[in-house]
Amino acid sequence: MDSVLYFLIGFLIMSGIYSVFSVGLNIHWGHTGLFNIGIASFFLLGSYTAAIISSPSPSLEKYEEYLWGGNLSQLTIIGIDFWFPLILILSALICVIVAIPLALITIRLKEDYLALVTLGLAETLRIIFVNESWLANGTRGLYSIPRPFDLIDRGNYDYIYFVLVMITLGIVYLIAERATNSPWGRVLRGIKDNENTMISSGKNVLRFKVEAFAFGAGIMGIGGALFTHGKRFIDPITFEPMLATFIIWSMLMVGGSGNNRGAVFGAFLMWGIWTFTQFLPGFLSDANLRFVFVGLIIILFQLYKPNGVIPAK
Amino acid sequence: MTKNNISLKAKNISAGYGEQIIIRNINLDIYESSITTIIGPNGCGKSTFLKSISGIINPVEGNIEIYGKNVTNLSTFELSKIGLGYVPQSENIFPSLTVEDNLKMGGYILTGEQYKKNLDKVLEMFPDLKSKLQDSSSNLSGGQRQMLALSRALMLDPKIIMLDEPTAGLSPIIVDEVLDNITSLKNSDLSVLLVEQNAKKALQISDIGVVFSFGEKVMEDGADKILKDKEISKLYLGG
Amino acid sequence: MKYIDLIFENKTIVVLFWVILILSLLKPWLFVNGILIGSLYALGSIGLSLIYGNLKFANMAHGDFMTLSSYVALALLLFFFPNSDQSASVGPFTFKYELLIVIPFTVVFIGFLAVLFDKLIYKKLRDFGAAPAAIALTSLGLAVGLRGVIQFIWGTDSTRFPRESKLFWDLPFKIKIPPDMFFCAIVAFLIAITFYFVLFKTKLGKAIRATSDNPDLARITGINTERIILYIWFIGGVLAATSGILISMQQAIITPVMGWKILIPLFAAVIVGGIGNPIGALMGGLLIGVTGEIATGWINPSYKPAVYFIVLLIVLLLRPNGILGSKGRQF
């Protein structure tokens, strides 16, 4: 029974992490109509920021090629436990810094250009991290990432991390809700519904869109940081578009575009399907069928229920 | 009003864009061998009426009959097949195509023979176009463009032809030329429905005049009578 | 944002042009490679531009049509000609005659498949009046789904058409060309020319251009625009399929992600040439090909996708309507 429970906790942790991404995408697409198909970029940036800061210094004996690790768990003055929130914030910040110039270039243009640019960025970032081993050990990845709040035995650590993820998700959710229900959020919704009306009422639409893009990107960065400390091993392959972009889209589609609650619900539902279909008999458990399923979800929901299962209020 | 056959009957038409209804309860009959002109201020729904007949927008209420057949919800290209020609106000030619290709598109559904026949007829009517057949249509002047747009519609040998402000933006001499061309259309069984801002000149070549105001038909009478009407003169015909 | 526009004006484009020209002269074999590869990109982007310009959305599934066509061609080849490993290859090229037989059937199949997807999916979205981003998102779903199907049937490993190794051609200026590359480029040009003939000289082509100019007017004229759209999908599908197979031949490899990976350079080519501009797409493809290859002369070749991305960014920054101008689309 213990191992089943442990497996479930692992599942819940990932669902929680994906919920954060989903909420971020909701800010982009559900709320503002920004077409971001490079979620992987911010996933990657957030993950690697957290990983680099908390990895120990490179050791030559292990043929590690990267230049610098923040080595947080060894800092005796403030250990990683207290660094953890700062890691999250820093990851978010890096994403925001990257997001802003990108947004400035493309958001003044039609929405589908943003899609192409985010797509290209995700691929480019992956290539950079594969080739520039001095950054993060290239394809070998970073694997000595410490556990925050390492208070109990290794075997039961996940319970603690689960709590951490849920707290973070809760905070992110509350911030997102606050933002989307504020006057700022209402302007965003107005932009999505009818941009021309917003322009003629004098709002600087470009500024709002850039802000929304940066905000969502920051949230995705937090998701990345959570992922790093959850999995404690990352390499460029982790950020393949399937699990770093497409599945998140399907989560938002299913859960309800325009709705933070729906975003979280969709994340749990889709991750559940992704995880538990591996127990189906025979060929049904083939991972590639999950690809097909994710694709189908996006298509079907766009055709029949573009607002998802939990529609926006 | 005349003894001619009715070619098109619009009954109780209401139409608009999305939730905005622009025209309400329009009843209008169009006759063979005659020119009917709709006048009225900007935004009163004249163009919307033409669009609702031609299938570009669907009326939310009412129906339309052409020679007795209910055509209310037919699509635009089906309507052109049964003989309804339409020349929109702006963007009424294909700028990527040559003059000849524009006409070819006009005769898209014709057989090779019919196309040649109609092309000759149309070029007889508009000899200026003959020399410009291979030119890009985007290089035409305003007046030539209108001629091309009208010729394009005539390629299908329509029974009813609707023109939305054919003289818009043209100099007075060209306006007269265009209106002369339209007048000569009457010489077959063609029914002409005209929407015009140049109200006075248009009514002078018309048989029937119709006045629209705020989405409703407020007057219909012989064109000459409307021209003489003092109130209409003041409001729409410049005194 | 005015100061951004002021800094980057025509001068930058001219400078970039000269830079590329000079670099090409320094290492001409890269330039030749660029043209050869670029011609295949051009074929892909002509189809993509046709769809983008007429159906008004970025077709994210275009790449996966290219991938699918390669796998289908391979499957047909192995099914109908199981002994093709042993048969002779064509002239100085590595591939077998049987492949040439299989290709027309494959591309027609993919063309019909594209039409099918329009009937099942895109037409419904059009009838709703869905926004371009929403349609593009749906095509993304289709892309993912297609890739899943491909991987489910054929696995995730790479494969290739049966081939026989052949020598490169040795030309002056250190230019070495695999003959296959040359063949594929010629075929791509021939198909592009056929496409232009259809587009500019046939009634159907003129109707497509008319619909592209003004769909309402086209309908008024008696053109069945929904039927035209199906033709557009068929042609787009055929072009994608052909370029996909040619690329597989040229690169001597077929992988499930090959089409997806090409999306960025294809879109860059489409945008450089002007969306909906078929000649522009050809120029764009060649330009992208050349730029990518030239770059590898000075930086790590793994960074080619990054080069394509930077070109895309530059074009969007300087000339989002394309260097040759697109049809009616404002930014």
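As written, the chains take the letters A, B and C, and residue 1 is the first residue of each chain.
In the analysis below, a contact is a pair of C-beta atoms (placed from the backbone, for glycine too) under 8 Å apart; a residue touches a chain by one contact, two chains touch by 3 or more.
Fair warning: this is a prediction, and the values are worked out from it, not measured in the lab.
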Chain pair with the greatest number of C-beta contact pairs: A-C
Farthest chain relative to chain A (centres taken as mean CA coordinates): B
Chain centre separation (chain B, chain C; CA means) in Å: 43
Where chain A and chain C are represented by their mean Cα positions, the distance between them in whole Å: 31
Chain centre separation in whole Å, for chain B relative to chain A (CA means): 57
Multi-chain contact sites of chain A, meaning residues that touch two or more partners: none
Touch list for chain A against partner chain C, complex: 33, 35, 37, 104-106, 108-113, 115-117, 119-121, 123-124, 127-128, 130-131, 206, 241-242, 246, 249-250, 286, 288-299, 302-303, 306
Chain C - residues contacting chain A, complex: 1, 4, 57-58, 60, 121, 124-125, 130-134, 136-138, 140-149, 151-152, 156, 260-261, 263-264, 267, 271, 300, 302-303, 305-306, 308-309, 312-313, 316-317, 320, 329, 331
In the complex, chain C residues that touch chain B: 203, 206-207, 209-210, 212-214, 216-225, 327
Chain B residues within the chain C interface of the complex: 54-56, 75-77, 80-81, 86, 88, 91-97, 101, 104-106, 108-109, 152-153, 156
